[in-house]
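Going by the order they are written in, the chains are A, B, C and D; count residues from 1 in each one.
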Amino acid sequence: MIFEFPIRIYYEDTDAAGVVFYANYLKFFERARTEWLRSAGISQEQVARELGIVFVVAHTALDYLLPARLDDRITVRSRVVRLGHVSVDFSQEAWRTCEAIEAGAGELLARGRIKVGCVSRATLRPEKIPPQIRGAFPS
Amino acid sequence: MIFEFPIRIYYEDTDAAGVVFYANYLKFFERARTEWLRSAGISQEQVARELGIVFVVAHTALDYLLPARLDDRITVRSRVVRLGHVSVDFSQEAWRTCEAIEAGAGELLARGRIKVGCVSRATLRPEKIPPQIRGAFPS
Amino acid sequence: MIFEFPIRIYYEDTDAAGVVFYANYLKFFERARTEWLRSAGISQEQVARELGIVFVVAHTALDYLLPARLDDRITVRSRVVRLGHVSVDFSQEAWRTCEAIEAGAGELLARGRIKVGCVSRATLRPEKIPPQIRGAFPS
Amino acid sequence: MIFEFPIRIYYEDTDAAGVVFYANYLKFFERARTEWLRSAGISQEQVARELGIVFVVAHTALDYLLPARLDDRITVRSRVVRLGHVSVDFSQEAWRTCEAIEAGAGELLARGRIKVGCVSRATLRPEKIPPQIRGAFPS
């Protein structure tokens, strides 16, 4: 299963090289993971408050292939590659959406692997991922 | 005429006080102005390339009234309060969107006045606002 | 009394117009206010923890006069223009530091007025500014 | 050879979890690489203007080990692990600087590998790293 989320590029996302500042792909990927959870009816803020659990990013590995530019429309494609007891590994890609051409003919701008750990909000120690969140990521 | 644009609050927008970092309202307001232009068929990137004109923010004055929080849905309401020859003054507000209650019953989080100047991309000197852009902001 | 604080411009601070993204002056001004407090031996983190008091920015009004660019050295000059019971008004300026020319011959890039309120961390209600913090801002 | 660069954590760097937002380590690492070049008398802005060459980040792989917090002092330790014809691989670490204890007794917060490519500013095609920049990174 692949979750798709659209992003628009604004001035705030770019740098003096005229392209999207590479660190911002981490923001785009996080927005996509958040909306994936939300699409399954899960709010991170609520999970933190009610279950005392927060998600922390433990590892990120990204390749930056082509530059995104001001006003570009990006589609972030996310999928779960490993659903462990206390962590989830996501594979995520940012594609430039080309409205003029057929679907699937976009350009891959960046891709990466993100490991997110489930921890206690109080102690920051690893915690088992709650069942309702496991259910949001069908394998 | 009022242009409304929705924003979602992510971790990237917040700070250690648990609320949206105040400087980010400037980003939200800019996204809203950009989408207003886009809704009139105008791309800033295209205007820069074809007419050699860019818009620069010359003045901002904001009041921060109530904190926005993670996962909040914000509506930015924008209107033009003065359309000059070489600059536009916007009045912009950020409202928390409360889904549980009736429309109009949200909370005003921040409001401000933004002056945007029209300048030559090459010289950064003031330029007259092109007619097609004037047309996007009916008074 | 004027407090001066140096800032260096990195890619992260710029946007696709090739200059510093205007919202970032709010960050630069906050760094300067923080270091002013620190130079008086005051840590905001410690004040929050020990006195239950945090500072929130209530109002900002900035003029953006000239663009700062990648690798520029900026000096932020800050002074207190009003020290109230529950809030402080700062006047802050960002100057480009020109190493080749004499002191004082820099360029004023941005200037503004920032109102910071003192509030209870728990209730976010206004609180009197503690004496040790008042002492950090001699008038 | 290891280049050390100090960073201070401000509100702008943190998120609602009360810690430094992980994407910001990429900013800290870039500041450190920039200052390393500058310490060798090299300005990226000047290199771009005079040699038509810019550096683009092609790959980043980071582990986030411990959270940094508001007011923390960080030391970024950088070294070159591979100096190729058209790219450089850096190993970079962020350590919390503990003033109260002896040198070397800090905590490792994040570490990673960053690959930076040298490209033509005009074509974005790979270019050989100029000798004066190679000289800045002794192996």
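In this text, a residue touches a chain if its C-beta (ideal position, glycine included) is under 8 Å from a C-beta of that chain, and two chains touch if they have at least 3 such contacts.
All figures in this text were calculated on a predicted structure; none of them were measured in a lab.
Novice: Give the chain pair, either A-D or A-C, that is connected by more C-beta contacts.
Specialist: A-D
Novice: Centre to centre, by mean C-alpha position, how many angstrom separate chain A and chain D?
Specialist: About 24 Å separates the centre of chain A from that of chain D.
Novice: Where the centres are mean C-alpha positions, what is the separation of chain A from chain C, in Å?
Specialist: 33
Novice: Hunt down the residues of chain B that sit against at least two other chains at once, touch-wise.
Specialist: In chain B, the residues touching two or more other chains are 11-12, 17, 23, 27, 30, 69-70.
Novice: Chain touch graph shape: choose line, ring, star, complete or other and state it.
Specialist: Shape of the chain contacts: complete, all pairs touching.
Novice: Touching residues of chain A toward chain B in the complex: what are they?
Specialist: 8, 10-12, 27, 30-31, 34-35, 43-46, 69-71
Novice: Could you please specify the touching residues of chain D with respect to chain B in the complex?
Specialist: Spelled out, the residues of chain D in touch with chain B are 11-12, 14-19, 21, 23, 69-70.
Novice: Please name which positions on chain C make contact with chain B in the complex.
Specialist: Spelled out, the residues of chain C in touch with chain B are 17, 22-24, 26-27, 30, 54, 56-64, 67, 124.
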